[in-house]
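As written, the chains take the letters A, B, C, D and E, and residue 1 is the first residue of each chain.
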Amino acid sequence: MSDNSVKTANDVAENFEPKILVFACNWCTYAGADLAGTSRLQYPPNVRILRVPCSCRVNPQFVIRAFQRGIDGVLVAGCHPGDCHYTTGNYYTRRRFLLINRMMEYMGIDPKRFHTRWISGAEGPKFQQVVTEMIEEVRAIGPNRKLRDDMKVTVNTDDIVASVEADTKVVADNV
Amino acid sequence: MSNAFVYNFDQVQNEMRAMAKELLESGEATMVIGWEKGALPYQSTPVMIRSAEDVDKLIWDAYCQQNLSTYLIDYIYTDEKVAIFAKGCDTRAYNRLIQDNRIKAEKCIVIGVPCPGMKNAREAARLPENAEVPMANACKECRYPNPVVFDKRVGTDVTAWCTERDFSDVEAIEAMPADDKYAFWQSQYTKCIRCYACRNICPACNCTSCIFDQSASGWCSKDINASENQFYGVTRAFHVAGRCIECGQCEMVCPSEVPIMLMNKKFIKDIDSLFGAHEAGLDTNTPAPLSHFSVSDPEEFM
Amino acid sequence: MDYAYFPGCSLESTGIEFHMSAKAVTKALGINLIEIPDWNCCGASSAHTRGHWISLALPARNMAIAEAAKLDVAIPCAACYARSKQVEVEVSQSAETRAKIEEIIGRPYKGESKARNLTDILYRDLGVDKIAAKVVRPLDGLNVLTYYGCLMTRPPELACDDVEDPVSLDEIMKALGANVLQWGFKTECCGGSLTACRPKVGLDMTQKILDAAIKAGADCIVTACPMCHSNLDMRQAQLAKHDHNYHMPVFFITEMIGLALGMKQKDLGVDRHFIATEEVMCKLEEYEQEQIQKMMNEGGEA
Amino acid sequence: MERVGVFICHCGSNIGAVVDCARVAESVKDYPGVAFSTDYKYMCSEPGQEMIQNAIREHNLNRVVVASCSPRMHEKTFRACVAKAGLNEYMFEMANIREHCSWVHAGRNEEATEKAIDLVKMAISKVCNNEVLMKGHAPVTKRALVVGGGIAGIQCALDIANNGYQVDILERTPSIGGKMSQIDKTFPTIDCSACILTPKMVEASSHPNIKLITFAELEKVDGYVGNFEVTIRSKARSVDMSKCTGCGTCMTKCPGKADDEFNMNLRKRTAIYTPFPQAIPNKPVIDRESCLKFKSRKEGKDVCGVCAKLCPAGAIDYEQQDELFTERYGAIVMATGYEQFDHSIYGEYGYGKYPDVISGLHFERLVNASGPTQGHIVRPSDHKEPKTVVMVKCVGSRDPEHGKSYCSRTCCMYTAKQATMIRDHCPDTKVYVFYMDVRTPGKLYDEFYNRTREEYGVEYIRGRVSKIYQDGETLRVKGEDTLLGRQIEIDADMVILANAMIPNPDSERMAQIVGIGYDKDGWFTESHPKLGPVETHTAGVFLAGACQGPKDIPDSVAQAGAAAVKVCALLSKDQLETEPTVSKVDNKLCSGCGLCVPVCPYKAISLETIQERVAGKTIERQVANINGSLCQGCGACTVTCRSGAANLKHFTNAQILAEVDALCQTIL
Amino acid sequence: MTLNERQQQNEALRSEFLRRSGVDVSKCYQCGKCSAGCPVGDHMDIPTNKIMRLVQMGLIDEAMQSSAIWLCASCVTCTTRCPKGVDVAHVMETLRQMAKDHNCVAEKNIDKFHTVWMNILHKMGRMYEPGLIVGRNMVTGNIFQDTSFGVPYLAHRKLKLMPYKSNNIDEIKRMIEKAEAMDREEGGAR
């Protein structure tokens, strides 16, 4: 393993506070979060909500980008399937993120850091519960050290140059 | 797996030359794209032939792995009528390009060539001269060695040697602990030099303007580091998800030997198990899995 | 047409007529039945009350032996059919079940060898036209009721005929020339499994069916289940003690085919019934005579 | 050069008690792009808004961020506010530091303040990437199309017409009237269905603002709200409508015979026919499937022609062809109604093979005075009056395993109605009703049901029927009285099944043509189950009657009126404002792969051919084109687009990425 | 006793039932179609739909002690026609298996019949009817039931006097034991 080793739970700083990005669809989850607010449902202040018109607007590339920039967790949330303001948007969200969630896990990202959830405009308590649980989970596993671009793991081009040179030589010898 | 050893390359090669000659002489095609002998025995490279006199340049051997269909894009706005030789995977690539509206069937002549499976050129380079060269990785799992679409054809159909994809490599990674997975992929993507050879050769990566060439878009930086490289890797895999025709060219041309098909196969495996079996490029009507949905898709996000 | 043959326990004793007639009739119709060597009981009646795996394992062994011989299994007995079909379906649908079953029986069984009801084979694979072509002694003038019982049609996922209105016996009987009456008891349970331990309940159920048969004006009932047959045939004596004299002969479908193909009653086992079949035989004779007479009269007039 | 003004609202103590608003304002002062930053007690108040407007002028601001409550609350207010000061209303962003911050983090002032700073920075970064957007305008065609000429369609058209707008009724059968014309009596008043329907039919046909297009089908719908372009197929009637006087002579001698669908195939009709005597228009059509002339033509012959010989007006035209024509409409109302569930899927009820097991609609024709039996209730098999009738409810309804999962709503009442009618017509006949529940939530409905039992002596038995079989001349019905816990067998002369309501079998195709949603059963989906019951997700398309879900006549009529109001509100406008926050395609980046086309729920994307100069040569290629009037701005296409050619205005890739980056800046 | 107390008593049985049957009885809406079509309905102490109701309410003990579950002829008509897709026949089956394991079989004779049946299977690998009749009569105490049929059976040449014994009886025995062990282990879960 390289020197920018991935921190394990044991190394988590005592006072680590994760930062979690929530992509919330305007019609359901954003309204659900508003409802949590008007109902004064308390949850830890570690989430930041980014409003999108529909969960289907969330490009998986946005999610990866957030991890690159060092976010500790990402939640993509929208209307329940069948309730989409745009009729079918969240069905696409579901397809895309069923795949991307698996791919992120495959890449070694802890699945606890990345969730997709359906939270309706009436589900203030669910919003509270989902983000609270997620914050606690991410707090337990510590800061994200993976995919981050500020930890410059640079490419060692020497090997590549050497191998290309070797190939060139073989060609030269044969011609 | 023994197709390659009973398969008569020379006979098919003769047919190919005859076919090319006929097409060029009759004027049915203004150009024929095939393969020619490369600098090394295991490097057969594409060749564009415009004259019937040159047809003897054409060869057909176990190293004609390179997919020729993508070249058709270059001629879409010319008056040329281009004929290409196409193995099973090349015809799936052709369907991919037709479905993506990147080429027009009426401007192309597809000459189907049943393929016995190509050899692994990379291994060939490493092995001693007379050693037995194994089949290319993608070819090992090929289920469609015969052209799935063609205007003309040479040779006779071969029997597919594989009926099911082998996902054991994907499963091996899935079974790793998260940190090991990450370490594995980081070690792979630190090798990537972002030469974009994988993208350029890919029949599914056929955008006129790739987001990775749009530096002003804010999507990506030109920086070559593990983070950016992995962003590139995942994004490209996502872009071809459900559209990849599994020719394995990306992996073949990668100078850094990044196991790119391991990414593509992960998506293929998940698409099959989540949304039902899908084979890209078998026809031009079946919609790509990410361009439609089913209300009964698996629900995991409640 | 080759099939592995699984007679099952009943066909060796209480349902021996089915065994005899099935063998005789299939031979005459060109169906080759190869008895599974050293078959074991399929567990019908009791195993399923004891446990899931025992109920699957018992038929699985027979199916596995047939699969090794690459044969589908012809099963005359409706109960054995249902049990065997169950394991076939479960094994072919779940790799997990398959692994467990193979572990229990110590033999490979992939669910490729199919459990087939013999009546269904006659109706679907052979076809009623082929049966009709061999009829030498049509059952014209005979009013029959077809009785399928539970296990040929339920549960729907194992059924070899329509759940609520099965037709295979009807169509075969029509091909033999019989007049098939309609009634509401085709798939009603005869209570066979209860007559042994709760005779009153079982008899009550049997009685309802026989009452309906009398009301419908049937000369006889035709079935394809040895349990139903034994129950309907044997229990009439018991019902007679309570002043219910039915004298309703019950035939196996293969006996009926055999008779129409001109076979001897003895060879089919028809002489072994509890309820005498003479009346039916006489009726057939009489009808035949009538027809001959009619023809002669018409001939005379002309 | 971005000059952003940032205004942090205390919302009294709502925000101010938790978030240190002054510190937030202070901390973003030097944030890139920020030209002015301040905090104030109530940003949304008059002085607050004036403060923003003054700051815009004084500091030459070209972008504004307000951090206060939810944009769902005050986005419109502040947009109007900045617009008044001369800024484009889309050069504004809001940070929600009340619902999403102060209210949910009470007592955690330090962290809440940090969070508020992040949220404000995200909004600033986004607003720096905002672009000037203009609302669009589209003219409105002041005419409506009602698809379906049943009671819902007729009522809706009348309401629209009486408001002074032109409306066309498109009906696929030869006459308007729909299912209600087949029904004999209506519950709970038992008044004659025809007596209340036919006047409406006549009114519709003679209304100066209503045009009837019968025997015609919807073929294609293009365009968008206010400007639908609808292609209609007028099917060949074989009768020249302009010449036909409707005298009916042609029908008297027609030798062609066919099952009479209107009478549920209980009798035959002629090949040239009107569906029923009061049909409107009362002009016949030739059913080419059963007409001897047309049948003989298929065999190369040409016989009959009786109707043409008889017609005094010379209106018969055997050479007529289907015609396609296109009309423009500002709004469309779908009123395509329902069909009756086919009970022949139930083997235990005889697969539809027992002649005396009939459906509710069969019964309506049997009991109708102008029906095949002149209103005598007799069994179809032998035309004898039944002495025992069994009625079975929920046939196909509430049966997810074999039929439909939903309750069809009308069956409890129509069964009660039919039971009382049997008792009225045949006082000696015993009627049993098998039911699971009795659902009668309507005005005077439950009273009616109770009368059925108490005054009419109809026996209600709680339980589903397991099997019906022919037993000689009668039908044996096997059920359970679950209240007694006892099996029940009844010998019935006739069984009437209360079949479920299902959508028109063509409904899914219709929905696709019009571009509206439908549920798993094929019912059209309303835009909101509570607050948008007659609207659809496609602007300008409304729903009336049972096409949206099982409904009885009063509900259908009420919904038709509601849909008419929505239509009139739309048609009353001269122009429609369109939101500019829609997708657009950058032709330079688009490869024309078309992957976005099927993804769009509004059919707003099509491939168009453009010309380009490439290497000195003009070439033609295809790119995606988004119709801004149809696009509702969900963004589904933007993620499908690999090259980023499709982008959603006001939620662009650059804007969202800027927000992500802004949020992550502070992470160490 | 109050309903909640009764349900509490049944808590373990309820979860055992759910695990073993895998049937979601909450789907049942008590239409009674199962009881209506049941060929044994007349004789059951508790009609099928009420068995379903007991299970739904979690009163498994009452359902398990009924004679109805043993009278069920496994004809599967109920499951086939159930509008809600509840596998009623499998509920009955599971209740029988549970009744046996919890020693509360109401219809001992029916159960004993199955026991004799299984014993013969263990020994022979195939069914042996004379053994079945005699064995059942011995354990149920109705020594002469059906023996009157033995004679006519013989007269009609329908009973085999000599049992068949498999050549591979060891294999079959092993198989049966393994399967039964697995059933015990899983408590018959599907």
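General remarks:
Everything below uses one rule, namely that a residue touches a chain if its C-beta (ideal position, glycine included) is under 8 Å from a C-beta of that chain, and two chains touch if they have at least 3 such contacts.
If you're wondering where the values come from, they're calculated on a predicted model, not measured in any experiment.
Listed by label, the chains touching chain C and chain E alike are D. The minimum number of touch steps linking chain D to chain E comes to 1. Chain centres here are means of the Cα atoms, and by that rule the chain farthest away from chain A is C. More C-beta pairs touch across one of C-D and B-D than the other; that pair is B-D. Mean C-alpha positions place chain A and chain E at a centre distance of 53 Å. Once the centre of each chain is set as its mean CA position, chain A and chain B turn out to be 31 Å apart. With centres taken as mean Cα positions, chain C sits 57 Å from chain B.
Measuring from the averaged C-alpha position of chain A to that of chain C gives a distance of 63 Å.
Residues of chain B found to touch two or more other chains are 219, 290, 295.
Multi-chain contact residues of chain D, defined as those touching 2 or more other chains: 348, 467, 599, 640, 653, 657.
Residue positions of chain E touching 2 or more other chains: 42, 77. Under the contact rule defined at the top, the touching pairs of chains are A-B, A-D, B-D, C-D, C-E, D-E. Listed in rising order, the residues of chain E touching chain C in the complex are 39-40, 42-43, 71, 73-77, 79-80, 89, 93, 96-97, 100, 107, 109-110, 113-114, 117-118, 121, 124-129, 136, 140, 145-146, 149, 152-153, 156-160, 164, 166-168, 171-172, 174-176, 178-180, 182-184, 186, 188-190. Chain D contributes residues 348, 394, 398-403, 436, 462-467, 478-482, 485-488 to its touches with chain E in the complex. Interface residues of chain C, counted against chain E in their complex, comprise 9-10, 12-14, 16, 38-41, 43, 45-54, 56-58, 61, 100, 103-106, 150, 154-156, 163, 187-189, 191-194, 196-201, 204-205, 208, 234, 237, 272-274. Chain D contributes residues 70-72, 96, 98-101, 103-106, 108, 111-112, 114-115, 118-119, 122, 517, 525, 537, 581, 599, 601, 632-636, 638-640, 648, 651, 653, 656-657, 659-661, 663-668 to its touches with chain A in the complex. Those residues of chain A lying in contact with chain B across their complex are 1-2, 6, 8, 60-61, 64-65, 68, 80-82, 88, 91-92, 94-103, 105-110, 115-118, 146-149, 151-157, 159-160, 163-164, 167, 170-171, 174-175.
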